[in-house]
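After this come two complexes, each holding chain A, first together with chain B and then together with chain C.
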Partner chain A sequence: MVDSKQQWKAWLYLAPAIVLLLIFTVWPIINTVRISFLEGYNAMSAVNGAHFKFGFGNFKKVVEYRGFATCLKNTMLLCVLTVPISTFLALLIAVCLNSIKPLNRLLQTIYFLPYVTNSIAIGMVFAAMFKIVGFSVEGIEQSTSLGIVNNILAVFGAGPVNWMNQGSSYGANIAVMTIYIVWNALPFKILILLGGLQSVNKQYYDAAKVDGTSKVRVFFRITVPLLSPMIAYVVITGFIGGFKEYTSIIGLFGENMGPVGSGADKPLNTMVGFIYDSIELHQGRAGAAALILFGIILVVTLLNLYVSKKRVHY
Partner chain B sequence: MKVVLENLTKIFPSRTKGGKEVIAVNDFTFEIPDGKLIGLLGPSGCGKSTTLYMICGLQKPSSGKIFFGEDDVTELTPENRGVGLVFQNYALYPHMTVKQNILFPLQNLKGADKMSKDAMLERAYEAAKLVQIDELMDRKPSELSGGQQQRVAIARALVKMPRVLLLDEPLSNLDARLRLQTREEIKRIQQETGITTVFVTHDQEEAMSISDMIVVMKSGVVQQIGKPQDVYDSPLNLFVAKFLGTPPINVFNGKVENEKLLIGGNAVLDVKGVSDQEVFVGIRPEAFIIDKQGPLECKLLNVEVMGRDVSIVSSHEDSVNPIIRSIVDADNLKEVAQESVHFALKPHKVFIFNKDTEERIYVGNEKEKVEADK
Partner chain C sequence: MANETMMEKDMQKVTAKQRVIRIISLVLVYAFLILMALIVLFPFYWMLNSSLKSLEEYRWSIPSLFPHKLRFVNYVTAFKAESLSVSLGQLFVNTAYVGIVSTILSLVVTVLSAFAFARLEFKGKNILFAGLLATMMIPGELFTITNYTTVYRFGWTNTFIVLIVPFLVSVFYIYLLRQNFLQIPNELYLAAKVDGTSDIKYLWKVMIPLSLPTLISITILKMMGAWNSYIWPRLVANDGAHSLITNGLRNAFTDTAGDIDYPVQMAAVALVSLPLFLVFIFLRKYIMKGVSRSGIKG
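The block that comes next holds the complex of A and B.
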């Protein structure tokens, strides 16, 4: 313990961080809650001294807004699709990586690369992989690039699929986004799970070997339970990340949040996208949407914690 | 099921290029008789655990063969050998209850060996009863004491009725009192089941107390195999003599001249048939007899009375170690002067070793002791 005469020193050292956190994190949170209850709040009128009625008007507006249901649906759908898929794949890859001896470090680095790559850049690369690009130059006949994914599909005699061009289906769009988000989410999850695997006592596996346990049984009866704290962590943070999905869609589809020709409807918009859209003119509405998102994340996280209480072995 | 080890050798390649490879076990040949309890004994790094893991099948020998009975199991995987292994830190699955832990090996059985749920439960309870943990079946390992975890580990190893039971440092994680109790328990379980059992330990007392036979190892080479008392009474070399016994044997620099053993210039013992040479003399703590006329004069440092034993701590300029510890009869204590103490020696507790090879070249016999007493 710091003795009381020394305490002011401790506070002094902490002060810069505390002051910054108070100004840029704590106050904005409080302010968001405040303005979300001020009906029709916007910063411009507030500066001009306008008064706003206290109430649930912003929330009502958000829920009634025709884009909101789309945003909520997209967000939920992406969460439900990407979190289980990426967690399972990450677990599989981590187990494989852990059992490979040669080039282990190199492989770990390769799998970690997406984590340090800009997600907009990754989005553009993915768009190039999935997009059909047509060239039409005068005098020369038209040539078309179907994109690498369609070319691979063609090898198996399938496709081509209109993944994300004009007129592409919602299902195809979601598929592309799922693949992209899963790929983007893998490195962090692999890192955490690999760390967990490396701290598992090897003797459990020796014991299982002596008992003639099959590989599949070892995975489900020993590896997964022993990793359950890490899996729970990865799932919970995965859901929180999933609910905040936004940049990936910008990266893939650009500002109009949908394939070309979908107009101003933004058919692939998400909750965070909705908040950004409202923030310029309707801060009250953006605040309300943020609080709704917070509520959803809170409920899902509590649900996760409840389930993990029964399933996780610390 | 007897276990035969034939020229068993394990070489670990060097981790760095051009480095030295490590011979963990060197040309180990031994037949473990059926239904006996064998202790593999040695300091850490002597290859005893490697030997155990090779018998188990978790490590492949570099050369040599292993037979269970008449079957050559050298190439078999652990599960096909029919061995039960108890790990040093038990390796109980922390997320399973005691019952699930014990059932686990049975649930792995496939094909013709597959058992019904009821049969498995019955077998699990049988094993649990044998080690007296049938009351704890629904607890998690973390809710058990060290001794209880140990029993669960033994039950898990026994439940599939292995041909050979292997124990890796089974008592090292227990406190002193529990250790005493558990080693008796291991002996009892082994005798009740009659399973050939091999256990590894660095604690000589542990090995001596419960083994039918002990194998003393040093840097991968077997030093001596035999009944515990035999090995203690006639160690083949200085290492074995030093390794067995608490308090440890006292070693002196000595000389043999005209069939007399000299320590510090005084003839302490007649040694027939030993040629003149410089030697190491090993004297067990219990070999010392306090005797005013005794030829071995030591400087008295301390007298420790520890319950039934009286231990005299003294020093001698020719002793290899700074102190000499002897355990003597309390009756003769008045013979001890303030500054020095004179000892006579029991011949059969004195060993003479070659100064270079450290092989034993002489041990007195009990008959001479009777004569000396007269």
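The block that comes next holds the complex of A and C.
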């Protein structure tokens, strides 16, 4: 029975949350959708009573804008590279971790460390590891550090590579970003996959052992299918995270979103970066870009769910 | 008879072979895991190593794996940092203030709402809860665009309010805590009602102690969020006095010629990273539990 005293008590307890959600969550959803369909919307002129035409102008502007294509390409490329690499590595590490006893806890803790970091701060450390540091006094090159990554490569007789200094190639820049993002994404994936492995019924493995099934076969025929719900989960969250990549690139390259002295304007910018660049002066355009981002994430997630429905066991 | 001993020998051979394979694969597994662990740890080692060098030693073409002379003074320089509009110490204080205040307020709001959803009956409860969960699918950037203009209209820019209030309510935390509250048997609540205990007292004496692990997870995730927030403060609180640690960090330690004093920069990075590590070491269990249920960074 719902008594009226409980009714108003419940609404009283919910009041602070509801008021805040109305202002900062519900209203933004309505308003952002609204302004993205008002051509050339700008909050400043809106306050001064300007009127904006309803239409798809903002979306058209966003898609036609040259910088947007770059952002979309960078974001897609990072997703396509980092999600498979980090998922595969995390799966391998989780399976190995699950098969050992000594050192297990210590290794688990170590693998989780990248999670508890500040993505800007550690991005700066990665930049320091990849960057060539040199300086010239009156035209004479002084002692130069190639960066520890190039030093390590030299041990194997490779390199040096201009990873992210002036004049570095797009491929090298993407490689640095991929390495950093994978490093950053591993802890969460390992945690989820390891949790999944620990709940897998040991009987399947015992049966395989009796049959003398090879380790590789066991991995692909038992471990992967049984883990498939967790794999689907880390792939989906990985894609969502990948589409929102932004601060890690600021950590590596700074607010220029590109190597120092590169001619292009923010050559390594991403979708989220594009939204934040237009937020101060072109809110309509930012809203349109955010809706496009939401649409892409939705489509990719649904696609993933569709594939995993066919593939995921249980 | 002879046949049998032959078979036995075969069996022994097989088990010996199996044992060798098992040992080899174990060695390979450990080699792989330790190699990966070293790769994961390397940036931290390099950060500490670089932070204790002089700039001259940092530029050596063959890098030293351990600083020749430990220059702890880099940390002092980083803390005073002239290139920052406010000192790193002030940024620490700002960030801690925002983190603590927003965590406490957020916990109060979350506990009250989770209690209403878990224990009280009211019209439209399920629809409201489903509606809240639906908002979790929407990317945060969509909110930020309108919130940016909203806080300008409120005149909140360059205050601490703007860093605290808009993110006070997290639907995810309400959901997490509600699930936890639901596990506490309803009989306890009814018994407390019979005894004439007030809701608040019941919450304080029964619900909160029983769901402490979840509350600790929420606290840590919220604090980490404040420590790592970068985009929102840059947009709405960029006057220096209200800047947070990450904003200060990114743009500092570059002199006018564009040369970066890497050792000092690395010292600052280490200083910023340290609190997170301390929290992690002491509260490892809660963090990992919270993260495995959240799936979102920060």
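Throughout what follows, the second predicted complex is superposed on the first by the 289 of 314 C-alpha atoms of A that agree within 3 Å, B and C clash if a C-alpha of one lies under 4 Å from a C-alpha of the other, contacts with A are read in each partner's own complex, and residues count from 1 in each chain.
Keep in mind that, in the parts below, contacts are C-beta pairs under 8 Å (C-beta built on N, C-alpha and C of every residue); 3 or more make two chains touch, one makes a residue touch a chain.
Treat the numbers as computed from the prediction; the structure is a model and nothing was measured.
In the overlay built on the shared chain, the residue A:166 is in contact with neither chain B nor chain C. When the shared chain is aligned, chain C comes close enough to touch A:7, but chain B does not. Look at A:199: by the touch rule set out above, it reaches neither chain B nor chain C. Touched residues of chain A were counted for both chain B and chain C, and C has more of them. By the document's definition of touching, neither partner reaches A:45: not chain B, not chain C.
By the touch criterion defined above, A:250 reaches chain C but does not reach chain B. In the three-chain superposition model, chain A touches chain B and chain C at no common residue.
Listing the residues of chain C that touch chain A in their complex gives 25-26, 29-30, 32-34, 36-37, 39-41, 43-44, 46-47, 50, 56, 58-63, 108-110, 112-113, 115-117, 120-123, 125, 128, 132, 135, 137-139, 141-150, 152-153, 165-169, 171, 174, 199, 224, 227-228, 230-231, 235, 245-246, 249-251, 258-260, 262, 265-266, 269, 272-273, 276-277, 279-280, 284, 287-288, 291-292, 295-297. In the complex of the two chains, the chain B residues touching chain A come out as 56-58, 77-80, 83-85, 87, 89, 91, 93-96, 104-105, 108-109, 156, 160.
Within the complex formed with chain C, the chain A residues making contact are 1-3, 6-7, 9-11, 13-14, 16-17, 20-21, 23-29, 31-32, 35, 43, 47, 89, 92-93, 96-97, 99-100, 103, 107, 109-122, 124-126, 128-129, 133-135, 142-146, 148, 151, 183, 186, 188, 191-192, 195, 215, 233, 237, 241, 244, 246-247, 250-251, 254-255, 260, 272, 275-276, 279-280, 283, 286-287, 290-291, 293-294, 297-298.
Those residues of chain A whose C-beta lies close enough to touch chain B in the complex are 201, 203-204, 206-207, 209-214, 217, 221-222, 225-226, 228, 313.
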